[in-house]
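Look for subunit A in each of the two complexes below; its partner is subunit B in the first and subunit C in the second.
Let's turn to the complex of A and B:
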């Protein structure tokens, strides 16, 4: 499942890149910074990416998912730092660990 | 007394068509008779003068005659249509209804006494003035319906000035300020009211052809629907001279397309609200969204970008909400406007602004762009909560193909890229298969 989620996020990031001036360095894979330190996204781009990932996950796993909510915002370490951290967070959400 | 000017007009035009109802024509002679008849019957009916009366009806011979008779009987009329059927009990309670008059689809009339005594302060004030009244409920697309109480006497004033008589289709509903305005405007100029059974593009076009309709008062949503349906291609609409639209913001794309399809029809933007009646307006040109609003005794001013209006035909107040008037008597419309000399342009309801991370976004601006995309049948934009940016922009889109969400989203982003600032490009997209307007053909935008 981890692989699959990572693929989804990277493919959504690539799609979003077409719209961005500061592009997500998707070639870094899981290490690609998103938001915050070293990140390239502004808040709007982050919202756009997160919602697109939500929708893609819904299609793929047939489960409704809210990634960006108060829970995500109050995590000790932000799930939005990198592609990898986002992927881990989504996995935990799907497994019901958060 | 209050409707004498109408009786005079009716008797001067006895042989003219007053109404087309269920494809049958009724002359002014008929209407005058029915009106006088109901005045007598009301005197005998046990409905005391100044009673609050719910008139459940649609445009029909008896509905017209009864509406005028109730005004003459100094009653406070609450027009009511089946479009809000589920709210009847709520409306009766808020408006402190004393009598219900129902007119069914065969124009049969029935009376019902409700055992209550209208003692709301505003109602009492109006009763003491011995003036007829009008209560209009706001559509309540956002939140609870508000009941606006008008003194009918000043509302009737503007209809005493004679204007063009036209064959007018009653598209706007009987319980809507626009519908009441159409009714009084048409009758006070000896025009003809043409009613429709249903308000689909097909049925409207058919009626325009059959009864040579000249004026269609409608909404931008219906105009967009009409253009999309292409129903107008199957009918002769050459009688049509003027289309008026109000109630919501017109997308520029719809305006342009309308002129391409109907090069000989004039478009006029009107401005009106349940609370202040319909203003006279003058568009800068037929294809412009800039307009001047005014009319007898009407003053306008802009405060912090919001249009405020002072008019003698303003309501007395809400029956169930605090007064929206400023201390010096101006009505705050809640409509954000742009100003250019004498002209203004309505941007939208202040309450519909989406705030994306501090940036303001107007739904209509985005709808306009998305509406231009091939395959898009309808679109409604609203704000939904986002813990990151406060709100984000959500577009609900109805497509006429089976394009997938992911394909559409890609195409939409590319399409919008050079047309909208990045924060305005919908972050969330939903595909749906239903349309976004209610029975009033006004766009519904639901968000949080």
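Let's turn to the complex of A and C:
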């Protein structure tokens, strides 16, 4: 499941890159910075990515998912830091661990 | 021209049913929803049973639309309920019910529709307010408050969605002869009509005319607006 989620996020990041001047360095895979320190996304670009990932995950796993809520904001380490941290967070959400 | 995909809430009766049939006649693919099944059918119409305030129901509905059509052009947030009562006699359960359907429902549908419309950088959202807001109608405190919330919400998200080519506007109908006002005493309605510049009930067509205006491609520069009927 982890790999599939990572693939989905990377594919959505690639799609978003087409609209971005500061592109997500998808070649870094899970380590690619997204938002915050070293990140390339502004807040609107982050919203766009999160929405796209939410929809793609919902379609793939046939589940309802809300990535950005109070739980996400209250994590010690922001889930939006890198592709990998987002992927791990989504995986936990789907498994109901958060 | 590609068939426009139009989602209308509360299509089992009243204004919602009229608008659904009106846009079907104009060649739209219309997806409707209500808490129960409809007693009408038309070619090009697809009905879903959903509670507009239930996040799971709404997400399911949008997931189905996304899978089948991959896009949405228009959202008309018509579903609404009212309950006339002095506010001192209004049970909190009624307050929750009205806020949930009128405001939370509008919120959920706008949120999910915006995600879908954003992809094509185009969309038209029309929300429903009421003249009860500017007229500060006694006996409709909770209903008016829920619809005032719809106005604020419309105006703020119009700004948040402007960069995505999505416009968000609201129509504020005067009373139309539907179930919504069936229980309101006649003298109250007469009194309300007398406060309008044009002292009569609105017809379904009057509402459709405003919705038409907001939905037009040419209305791309009109957003965050509330248009009241009847000369309020």
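FYI, the second predicted complex is superposed on the first by the 98 of 98 C-alpha atoms of A that agree within 3 Å, B and C clash if a C-alpha of one lies under 4 Å from a C-alpha of the other, contacts with A are read in each partner's own complex, and residues count from 1 in each chain.
Everything that follows uses one rule, which is that a residue touches a chain if its C-beta (ideal position, glycine included) is under 8 Å from a C-beta of that chain, and two chains touch if they have at least 3 such contacts.
Computed from a predicted model, the values in this text were never measured in an experiment.
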Clash or fit, subunit B versus subunit C on superposed subunit A: clash
Which superposed partner A:51 touches (first subunit B, second subunit C, both, neither): both
First, second, both or neither for A:64, with subunit B first and subunit C second: second
First, second, both or neither for A:43, with subunit B first and subunit C second: first
Partner chain in contact with A:73 - subunit B first, subunit C second, else both or neither: first
Comparing the two partners subunit B and subunit C, which touches a greater set of residues in subunit A: B
First (subunit B), second (subunit C), both or neither touched by A:18: first
Subunit C collision site on subunit B, chosen from 39-47, 75-83 or 291-299, when both complexes are overlaid on chain A: 75-83
Residues of subunit A at both interfaces, subunit B in one complex, subunit C in the other: 44, 48, 51, 55, 59
Subunit C residues touching subunit A - in the complex, by the definition given at the top: 55-56, 59-60, 63, 66-67, 115, 118, 163
Subunit A residues within the subunit B interface of the complex: 15-16, 18-19, 43-48, 50-52, 55-56, 59, 68-70, 72-73
For the subunit B and subunit A complex, residues of the former touching the latter: 356-357, 386-389, 392, 405-406, 409-410, 413-414, 417, 422-423, 425, 427-429
Of all residues in subunit A, those that touch subunit C in their complex: 44, 48, 51, 54-55, 58-59, 64
